[in-house]
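Structure, as structure tokens:
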């Protein structure tokens, strides 16, 4: 039975809630069960942002995540705050601007230039969330790429479809192209 | 480190405050404190009462007697405090929603009684705390999360309302004209009676974003451009007035104050 | 975290949220935003009018000696 | 995401969806976390279907407008959270005595007072039952999944129309804010109940007389030619105020009995792995989800434990709980408060079995681990 | 037997009404009904909504759709009714306490929205129903059971308040000038928007007795003598104005109405 | 009539008298039958002793002003009846979480809604316990004679000061409006409790920290130099808002426990002819008077019956009721509602004895005859 | 209980509470209070102005044919 | 053990509530237990007025009166409404303007000119309540005349003491002077 817990973290405005929703919807398209939730409360205003997704083959009872299987962190603050909530042997996907803590053992780390790719390569920081989604897909294979694309297209504003599709694929590329080339995976 | 003014009157260990980047609340709050400093009041004699909202969180940052009440009821709590101890300078900090939506009744009745409370409304034209719903101060046509197609309500002229209800000092200013806030709060505190001070401030996060008003600087610039001193405003044509808003001291009246009247009544016995 | 120790103008970067209000309304164009925080571009031009302090929502800039 | 009508939906969103399916045509409210999305989504959807959305000046005005709208013939709803729910209590009493159908949603957060605005709680369970003054009964429903929010909202409207009484939906922040898979029902397959209108001529119409075989009086809309009087005072069958003690007794008793004598129709609940259980948990809302997780784990450890989950929380499923109590050696009530529904369960079940409670008020959903240690320790 | 007018519009089997000897409520109520008769409206299309108080008992006597609500909330209920079914003529009957004390917030917000409701306030300067406590309309210095030494509050100018809040038709009259009530209610109903009609009436039982105002005839005479038509009033000196009260149509304004604005918004889809 | 300090007094009047003895210096209220005399008498008496009376614009403003006044150092009270009591609920929650002593009187009339304004009822018993949102406990006292109104009002102020919590006085219209002999107590002999003020310097003062050996935090008045922050949000010991879950749990639990762990001090009750009884009535307020008459008549007929009368109705006298339940073969709960306190008694006593109920909602005091036939028949 | 059957002025004594308002403000002094109820003193003077009907709080007096 | 229930009825403004209070206070002065109550509610406005007093040697539990021992009625309306609440062998004191019902058996009737005495003899209708009190005293002897006078004097406005005392005595006189002369007592 598959049961995977995702925590996407960063700052407000990076579109992580939307990313969480899209990830959940993609899983839904494949007939899976999902629960998506996000942080409300003072943090939500302060600039921090957190979205959580559980994907499972069977019905999800307890809807909260304590420790997660996959942690995405787009800011140093988010990384510092949430790194301890990643399970042993969990997957960490971080923007490569973030300096990693030394105590991260038994964790699969993917440090990739998400923000940079967004602003430099695609030309807008707005799509960092899509790049992140692509990278999550590539690392975890939790949903098929078609499902993810379909979910993205149903959620993004008209006229931005191509841009977002490109970002998604860039995210996949960031993972696939660096696989084997660097050795962060286990540190 | 902070300035001497902030250091003297704020609970500095609680800074930075929770307000968003560019939120105008901090400007209004500093202006209030500056007015208090100018008047040389004793901190122990000041009681700041607020309701619930982003703006109403202000009370927590100030090193006075501070009471953060329930949504809309700050003036009713303040009435109990002031009436109990008339020696206190009671200042109410409230938002446009807190003061004019749920709290509208307490506003008009505090004004009617002419009780010696200085009320400063942080009018950001929106419910900030709950995420951008339109308020009784959201201009007609503007958007909020509960007015996705534009607000069909008319917004209050809060100063007119306070005046009609009986306030004896009524003024308006903006965060651009922050020196004017300082002056008005001084005058408001000095006025022995109900003082109503509307400060136009900005919520870039919700009102700004929902209504494409640009960033904080754009919004302050807009306040700068649209606010006109009352004396100048009165000389404008109706057409010119349409997109302008008068600021300054709008109304004053002399009338015995509530707690003083009660004290004289007690002297009968 | 005080950036500039001078008698004229003190900046507390910790508190600055980079809104740009002080920059925009400084009559002498003394300030600028750098790395999302306020920064002094040209201290000499500062006339200590105090408008930046007056309008900073975050108490992150103030005149020296105050 | 409309494939197969399976969609990802937030609890608060599902509430609006259910309301619209049930026929909601009027929403009046005042924003408050964590219920605000219900207002926001209603504001966006109602104008498109000819329905009315209005943001009132406060919660009192909201419940008042909702009652007015219902009298005028619209199915109407309002949503709020603790502080606003407290303010609506007088209005709820009016809807009870004047028999005006309407739905009040309370997405519970931490209390008392402004409390913990963004954290979940189940601290308004007893308030929902007893918050308004004077003798009365109430219907309150408590969904546990997003899909169930949708179903329960439809049911809330149906029950309110059928019994001419306000129906309360008690969510909690977890259920209100989480997104989950929802299979949209086929609207044509859903039973929608509409208040029974008078068929007699206006001259013969007695607005507060229950016809033989009916549960409640027939109810025309204002403007349909039945000019009658509505009041929050104790009234006779013509609708007019009276101090007659026998009329008063009859009215108040009827209002209570129309609910308490129809438990079979009103009460809904779920039994989970109870068939062979010798020990049970009672939980509702999001806490019941944690309880299920806990039960699955406890079962793995060999304990014969199951869950009884009231969906209709008021009136409580008395009979079912009594039967359960006679069967199991222990019932544990798990809730995000310090033991409110526990009081009801203890009263019903305490004569027959050991009733224990576990609660918390820390603003966090009780976890399966907490439940397991409570069950294993105690 | 009663007159044709009463017979047509009243629930005559409920007469005599509960009001005291000389209570002015009956006069105001007949005037409202006469206005409706003059306009030739269909009884089924009229909904009269009232709060709680002596005056608010009025709804029970009228053969319209009548809703007797909770204390102070008539306008909020009425908003729900009118917004739900804009074809109804919604008339709110309320007392000075019901409307301006506990119900003050709903008054200013209904006025602000300019929703098409005609509000008639039976202002008897007192809480009649509960036995004579002072109200926000009790003149300063006058007595009530809760103001045994004279009321130290200021009383509202309800018309000014309604105007400042946004009402589009504002008028005042007295039971002596009952023909004026009739005319004003007609105009109020015709005004597509929020109409506020203050009628000065008398409570001989409590306000009169507590304040030695004599019997009903004395009190009506006093109303006759103190009320001055607005046009004449404006010509008086400040001194002369002091003991006079202006009656007549005090304010009108043109502004799109709430439910109509909503209907146009719905047409967008 | 001041001979020997024996006077004829109305219940509502005795309430003011007691409040003044207890040190009431502030009253804010809004008139409502049958409580209005409390406001009227306060308005007449307070200015004469340097106290403050204010008629607020509504009940919400009244409870708010009362809380403000208490924070400013005055003992403060407000009085109302059902509809107004419903409106005060949010404010009561604030007083609970911010720990502001104050007294709220509810002279009960028929409900729900505007109900039967001039008739007695006991329909707000559960509302007094549960009317405000969020987890909380409450103290509510229920006098039965005019003299007891006076005593209970003094006690209400004392308990509110001691436990820093709102205390509710639940009268009913009969007790509020009847006139009866009252022996005025010698004020110098009455124990008056005043909130404990801080002795430490303002710098060391932690407004929401309970010192060792104390029940509640010390409480200065606004203006005395201790500049602290008061909030209705969950707060830490410094008084500032927090979402920290352990602090939240600790705060809410402490607020509940300061009442529930001090039953010995808080609970007061009367036992009437119970010594040899094998059957008991539980009743409170005016109904308990009818019960005594009935008991006297039943005793004449040979039945060994007695009365247990809770004066502290919340928290309920659990221990005493349990002991009673183990002793008698039947407990009958008699009240002017359809069985509210019955639920509490049934929960406590139902495990040990047969608990029955008799109630009415007709706006009339239950008569001894009614009670006798209920007892004899059932 | 109708006292006077005439076409001009009808009185319903059942409803009259004897407040005297109609009497005081009748321009022609037509009415009087007798036994705490209104009574017609001088029907002939009545000019059917309707002011008594307009101001009677109890609907106890009205013009004939109305 | 003495236990007597009085019901004083008439119309608003006749001062019957005050009379009830004074009667209760007089009893109190003699160390008795009393409960006084009155009608609130719509009747109180409509013009009807009702005051009830229970006087007893021991503590009064049930504070309400069902059937009364002594009924005072000052108006026809009050008489009609309450006559059936008088106990068998009860005492009825009525103003002689009231026409009595034929079915009043087993009742001691005192029909006396209370209202007339007040307006004609004393000169003000305001004192009818005091005359009534005097008559009650004379008929029932429930309290001593001194106690009643004392209670009256502590309750009436300054300057009206003499007037009220006279009225009280007139009331006593109305009973004493007619005793034996007419035969209404049992009819």
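As written, the chains take the letters A, B, C, D, E, F, G and H, and residue 1 is the first residue of each chain.
One rule holds in what follows: contacts are C-beta pairs under 8 Å (C-beta built on N, C-alpha and C of every residue); 3 or more make two chains touch, one makes a residue touch a chain.
Just so you know, these numbers come straight off a predicted model, no measurement behind them.
J.: Chains still linked by touching once chain B is gone?
T.: Groups left after taking chain B out of consideration (others unmoved): A, D, E, F, G, H | C.
J.: Which of the two pairs, E-F or B-C, is linked by more C-beta contacts?
T.: B-C
J.: When the C-alpha atoms of chain C and chain G are each averaged to a single point, how far apart are the two points in Å?
T.: Those two chain centres are 84 Å apart.
J.: Cα centroid separation between chain B and chain H, in whole Å?
T.: 62
J.: For chain B versus chain E, what separation do you get between their C-alpha means, in angstrom?
T.: 32
J.: Cα centroid separation between chain A and chain D, in whole Å?
T.: From the centre of chain A to the centre of chain D is 37 Å.
J.: For chain D, write out the residues touching at least two other chains, lowest number first.
T.: Within chain D, residues 33, 47, 57-58, 60, 83, 90, 94, 113-114, 117-119, 231-233, 243 contact more than one other chain.
J.: Which residues does chain E have that touch at least 2 chains other than itself?
T.: Only 20-21, 52, 70, 101-102, 104-105, 109, 136, 149, 153, 262, 265, 268 qualify.
J.: Where in chain C do residues touch two or more other chains at once?
T.: Residues: none.
J.: Write out the stretch or stretches of chain B touching chain F in their complex.
T.: Contact set of chain B toward chain F: 11, 14, 43-45, 47, 49, 52, 59-60, 63-70, 73, 76-81, 83-85, 87-88, 105-106, 109, 262, 265-266, 268-269.
J.: Can you tell me which positions in chain B touch chain C when the two form their complex?
T.: Against chain C, the touching part of chain B is residues 1-6, 10, 15-17, 19-27, 30-31, 175-176, 178-179, 204, 215-217, 220-221.
J.: What part of chain E is in contact with chain B in the complex they form?
T.: Contact set of chain E toward chain B: 101-102, 104-105, 108-109, 112-114, 136, 149-150, 152-157, 160-161, 163-166, 255, 258, 261-262, 265, 268.
J.: Could you pull out which chain D residues touch chain E in their complex?
T.: Contacts found on chain D: 25-26, 28, 47-48, 50, 52, 54, 56-58, 60-62, 64-74, 76, 90-91, 94, 221-225, 227-233, 240-241.
J.: Would you mind writing out the residues of chain B in touch with chain D in their complex?
T.: So the residues of chain B in touch with chain D come to 52, 70-72, 101-102, 104, 127, 130-131, 133-134, 136, 145-149, 153.
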